[in-house]
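In the two assemblies presented below, chain A is common to both, partnered first by chain B and then by chain C.
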Partner chain A sequence: MKKIFRNKFLILVLIFVALPLVLSTYYVNMLSLFLIMGILALSLDLIWGYTGILSFGQGAFFGLGGYVYAITAMNLLCEVQIRHLSHYNVVNHGGTTYISILLAIIFPAVIAMILGYFLFYAKVSGVYFCIITLSLTLIFQQIIMELVEYQIGNIPIGGFNGITYVPRISIGIPFWFYYSLEDPMHFYYFVLFCTTASLVICYAICNSPFGSILTAIRDNEIRTESFGYDVRKYKVMVFTISGALAGLSGLLYCSWGSFISPASFDFFLSAETVIWVLIGGKGTLIGAFVGSFLTQFLENLLSDVLVYYWLLIMGGIFILIVLLFPKGIMGIIYRLRLSIIRSPKKQ
Partner chain B sequence: MLETKNLTKEFDGFRAVDNLNFSLQKGELRCIIGPNGAGKTTLFNMISGFLKPTYGEIIYNNEKITRLMPHQIAQKGIIRKFQVPNVYNFFTVNDNLKIPCQIKSEGRILLFTHLSVEVGKRIEEILEIIELKEKGKEIAGELSHGEMQWLEIGMTLAMEPSLLLLDEPTAGMTRDETKKTGEIIKNISRSTTIIIIEHDIQFIREISREITVMHNGSILTEGTLEQIENDERVRNIYLGKEK
Partner chain C sequence: MNFEIIATAIFNALSASSILIVSALGLAVIFGMMGVINLAHGEFIMLGAYFAYIFKSLGLNIWASMAIAPIPVALIAVIIERGIVRFLYGRQMDTLLATWGISIFLIQSIRVLFGPEGKSIPHPFPGTFEINGLFFPKYRFLLILITLSILLLMYLLFKFTKFGLKARAVIQNPDMSSALGVNTPHVYMMTFCLGAGLAGLAGSLLTPLINVEPALGLKIVVRTFLVVVTGGTEILLGTVAGGAILGSTESIVSLFTSTYFGNVILLILAILIIRIKPKGLISKVAETLK
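Right, the complex of A and B next:
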C-alpha cells in the first residue's frame, strides 16, 4: 500500500514538475495560487478531516502568516539592501528571506498553540469551537483594519489597504549568493517544493501512531480519553501544526501577489476552505488539493464563460457533490478502485 | 484497594448517589446489582473521572483520585468498559487494539516515531484471549454485538489494568455468548481486580462470590449470592412489596 502511494505520488509530482513547460505564464501563476490555497486546505483537513475539529480560524493564521512575512521581509531586506548599496551591488531585494519565511510559519503556529491551549483545555468543542475560531478570525481582521496609522519598523500596516510591494521570496546563501524568485516559473517550483514537503510531512504524521491517536479522537473521544490519552494535548499539537501550515500558505500567497490586506483573509476564505476540503474528500490529505484545484479551476473557467450565472452553477455543483458523494471526489475514486479490485474475484 | 467515603452526586437536587461508602479488596471480583436508577453507572462515572462528585472522596491505593481527569485515572490503572459497546467503529479490530497498546510508549508517539514489534505481539495475545483471532482485519463497526463487547473487553485488557470496571458486559448477548464472556472474565480475574455491574443473575451465579446491592444511590446490603437471594429487602426492591 505504501509503495503504491509512493509511486502514484511521484508520478503526480512529476506531472506538476512538467506542467509549466506546456502552460502559459498566466496559467503557471494560477497553478501556483491553486497550490498555495491547497496548502491552506491541507491545514484544515489535518485538523478537521483527521481530528474532527472544524476550525474557521485557518483564515486568521493564513493572514497572520502573510502579514508577518510582509512586515519582516520588508524590514529586514531594506537593511540588507542598504548594506549592499555601499558595494554598488544593487539587487531588487538584497539577501534571502529565510528569516521571514521561518517567522511567518512559527508565529501563527505559536498563536495557534496558545489559542489551542486555552480552548481545548477549557473543553471547548464542536460548534462552539467553530464559532469562537470564526469570531477570532473576524476580530483579527478588524484589528488589522483599524491599524491605519501604525507601522512596524519602517512598514506601515496600512489598515484596509494592506501592505503592497511585498518582495518575492528570495533563496540562496545569505550575504553571498541570493536569487529572488521573480520569474513565475521559478516561484512555481518553490511553491511546488513547499507543497510536496507539507504533503509528505502530513502523510507521515497521519500514518504514524500519533496519527492513529488523532483518528481515534475523531472516532471516539471518550474512549480514547479513558485509555489514558490526554486528548487535549494531542488537539493542541495538531492545531499548532495546522496553524503552521496555514501560515506557510499565507506567506506564499503574500509573496505570490506581493500584497496582503484584510480582504485577503475574510470570512469567505475560511468558508471556501471548508468547501474545498468537503469537495475533495475529508480526511484524505490529497483530497484537500483536489478540492481546491477543481473548485478554483471551475471558478476561473466559469466566470470567464458565464459572467453572471457562474456562482449559481458553482453552488449547484457544491450541493450535488455534498448530497450525492458525502466523501467527496476522493471518496468516488476510492470506491471506483475498490470495485475494480473486487470485480475479478466475483467472476 | 478502592474506597469511597460519603460519596454523593446530585443532579439538580436529585441524589443519584447518596452517601456511598464502598470498599474493595485487591483481587476481588465484585458484582454490583440493583434496579434501574440505583446509581450504579453514576458510581462508575465518578470512579473513572467522567463525573465529579458533589462531595465525598474516592481513594485508590491510599491516594485521593476524586479530582483527577479521566486520562489521569486511566493511567493509574483504573480502566472502564462502557455500557453500550464503545469501540472505534471505523477502525479494524487490530487497529482498535493498537490504541490502548500504544499508551505505554506515549513519549514515542509524541515524537511521531513508529512503534516496536512488541505492540503487534501484544495484539496477537489479546486476540487469543477474546477469541477473535480470525477477525483481526474486519471493521469493528461490522462485528456482531457480542463480538463488539468482547473487543471492548480486550481493549481494556490491553491496558493491563489493575482495576477493571465492567458496565453490563453481557447486555444483549445470547446464552452462549454470555457463557463465553463469563469464562473470559474468570480468566481475567486471576490477575486483575474487577467490578461488574450486571442484571443477569444466572451470569452472576457463574462468576461472582461477593455481591453489592445498590438501591436509591446507596448500598442496601452486601454478601454472597445466597445471602442476597434470601434477603427480603432485595426481593422487595426488585419485585415490589407484598401487600
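Right, the complex of A and C next:
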C-alpha cells in the first residue's frame, strides 16, 4: 500500500516538474501561486484534519511570515531611500536570503507555540479556540493597518499600502555567489521543492507514532489522555508545525508578488483556506492541494466573468459541502474506491 | 486625575460597554441556547443597518425605520434556520462552518445588490449635553438607556413568559425537556430568530455611529465574539460581565494611549480571561449539547 502511494506521489511530482515546459509564463506564475496557497491549506489540514482543532489563525501566521520575510530581506539586502511614507526607492545589493527565509518560518512558529501554550494548557478547545484564533487574525490585520508611520530598520511598515519592492528569494553560497530567482520558471521549481518537502514532511509526521497520537486526539481526546499521553503537549507541537508551514507559505507568497499588505491575509483568505480543505477533504493532506488547485483554477477562470458573484457562489458551495459532503472530494474518491474493492466480483 | 478626565473615562467606558453588550446580545442568546457560535452574527447586524437604510429611503420616519428593521432580519434568520442550520444541530463545528458560509453569502449578496460603497443615514438624535463644561453626545447616552431597557426586557422574557420557561428548560437539559413535551426544535428556531432579531436591532441602533457598508459586520463582530467567549454561556449575566470588562478596559486604555493599543489590550485581556476561566466568566452549559 505504501509503495503504491509512493509511486503515485512520484508520478504526480514528475507531472508538476514537466508542466512548466508546456505552459506559458503566465500559467507558470499562476501555478506557483496555487502551490503556495496549497501549502497554506496543508498547514490547516495538519491541525484541523489530523488533530481536529479548527484554527482560523493560519491567515495571521501567513501574514506574519510574509512581513518577517519582507522586513528582514529588505533590511539585509537593500538600501532604501524614503521620500514620503510609502513612496521609496529601493536599491538591491543582492545576496542570499537564507536568514530571512529561516526567520520567516521560525517567527510564526514561535508565536504559534506561545499562543498554543496559553490556549491548550488552559484546555481551550472547540468553538473557543476558533474564536480566539479568528480574533487574532483580524486584530493582527488591524494592527498592521494602523502602523502607518512606523518603520522597522529602514523599512516603513506602510499601513494599508503594505511593503513593496520585496526582493525575490535568492539562493547560493553565502559570501561567494548568489542567484536571485527572478525567472518565473526557476521560482516555480523552488516553490515546487518547498511544496514537495512540506508534503513529505507532513506525510512522515502523520504516519509516525506522533501522527497516530494526533489522530487519537482527534477521535477521542479524553481516552487519549487517560492512556497517559500529555495531549496538551502534542497539540502545542502540531500547532507550532502548522504555524511554521503557514509562515513558509506567507514568505513564498510575499516573494512571489514582491509585495505584502494587510489585504493579502484578510478575512476571506482564512475563509478560503477552510473552503479549500473542506472541498479537498480534510485529513488527507493531498486533499488540501486538490481543493486549493480546483478552487483557485476555477476562480481564475471565472472571476473575470462573474466578478462579484464569485464569492457568492463560493459561499453557497461552502454551505452545500458542509451539509452534504463533509468529507470532500477525496472522501468521495475513497468511498468510490472502497465500493469497487468491496463489490463482489463475479467470475 | 481631575474631574474632567474621570468623567470622560466613565462616560466612555459606559458607552463602549453598552455598544458591546447590545451588539453581542444576539450572539449570546444563540450561544447560550445551542452552544454554537453564529459566525453570521456580524452579517445580521449589517442586515439590520441596511434595512434601517431601506426603510428610511422608502420614506419612513428615521425612528420608525430603526425600530422595524429587526423584523425582516428575524424573518431571514427563520429561512436560514429552516433551510440550513436545523440539519446541523449536535454538529457544533459544522454549524460554525455553515454559518460562516452564510456570512460570506450575505456580505456578497448585499455587495451585489447595493454596491460596495457606504450609505449614509440621517442622525436621529444629534447634539450634545453639557456637564460642568464637558460635552457628551446625546445619542450615546440614549444608547446606554436603550441597552439597559433591552436587558430588562430580555430578563422579563426569560423569567416570566412561557417561551422563557421552555427556553430555560432546553438550556438545562434538552433531552429531558423534549421528553416532557417541549417542542425542542421549535424552541431552537425561535431562539435563532430572537438572536438574529437582536443582532438586527443592534445594527439599526448603531447606524448613527458607523458607516453602513457591506463589510461592517466584520469590524464589529470580533469584539462581540470575544465578549461572548469571555462572558460564558449564561446569556444575560455573561454578556453584561464580558461586555462591561472588555468595553471599559478598551475605552479607558484607548483614552490614555491610542485606539490601536486599545485593540491589542482587548485581545490580550480576552486571552488571559480564557486562560484563567476556560468556560467564560459565568457559565452554565447543557451537558448533552457540549
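One rule holds in what follows: the second predicted complex is superposed on the first by the 306 of 347 C-alpha atoms of A that agree within 3 Å, B and C clash if a C-alpha of one lies under 4 Å from a C-alpha of the other, contacts with A are read in each partner's own complex, and residues count from 1 in each chain.
Keep in mind that, in the parts below, contacts are C-beta pairs under 8 Å (C-beta built on N, C-alpha and C of every residue); 3 or more make two chains touch, one makes a residue touch a chain.
This is a predicted model, so every value here is computed, not measured.
Peer 1: Of the partners chain B and chain C, which touch A:Phe297 in the superposed model: first, second, both, neither?
Peer 2: neither
Peer 1: For A:Ile222, select first, second, both or neither according to whether it touches chain B, chain C, the two together, or no partner.
Peer 2: Only chain B is touched by A:Ile222; chain C is not.
Peer 1: Considering only the touch criterion stated at the top, classify A:Val231 as touching first (chain B), second (chain C), both, or neither.
Peer 2: After superposing on A, A:Val231 lies in contact with chain B but is clear of chain C.
Peer 1: In the superposed arrangement, does A:Tyr150 touch chain B (first), chain C (second), both or neither?
Peer 2: In the superposition, A:Tyr150 contacts neither chain B nor chain C.
Peer 1: Answer with first, second, both or neither: which of chain B and chain C does A:Ile319 touch in the superposed model?
Peer 2: After superposition on chain A, A:Ile319 lies in contact with chain C alone.
Peer 1: More residues of chain A are touched by which partner: chain B or chain C?
Peer 2: Tallying touched residues of chain A, the top partner is C.
Peer 1: Looking at the overlay, what does A:Leu136 touch: chain B (first), chain C (second), both, or neither?
Peer 2: second
Peer 1: Quick check on my understanding: which residues of chain A belong to both its chain B contact set and its chain C contact set?
Peer 2: none
Peer 1: What residues on chain A touch chain C, complex-wise?
Peer 2: Its residues touching chain C are 54, 115, 118-119, 122-124, 126-128, 130-132, 134-136, 138-139, 142-143, 146-147, 267-268, 271, 274, 278, 308-309, 311-312, 314-316, 318-319, 322-323, 326.
Peer 1: State the interface residues of chain C toward chain A in the complex, per the touch definition above.
Peer 2: On the chain C side, the touching residues are 35-37, 84, 87-88, 92-94, 96-98, 100-109, 111-112, 218, 222, 225-226, 228-229, 259-260, 263-264, 266-267, 270-271, 274-276, 278.
Peer 1: What residues on chain B touch chain A, complex-wise?
Peer 2: 48, 50, 69-72, 74-75, 79-80, 82, 86-91, 95, 98-100, 102-103, 105-106, 108-110, 112-115, 155, 159
Peer 1: Can you check the complex and tell me which residues of chain A touch chain B?
Peer 2: By the definition above, chain A touches chain B via 204-205, 208-210, 212-213, 215-216, 219-220, 222-231, 233, 237.
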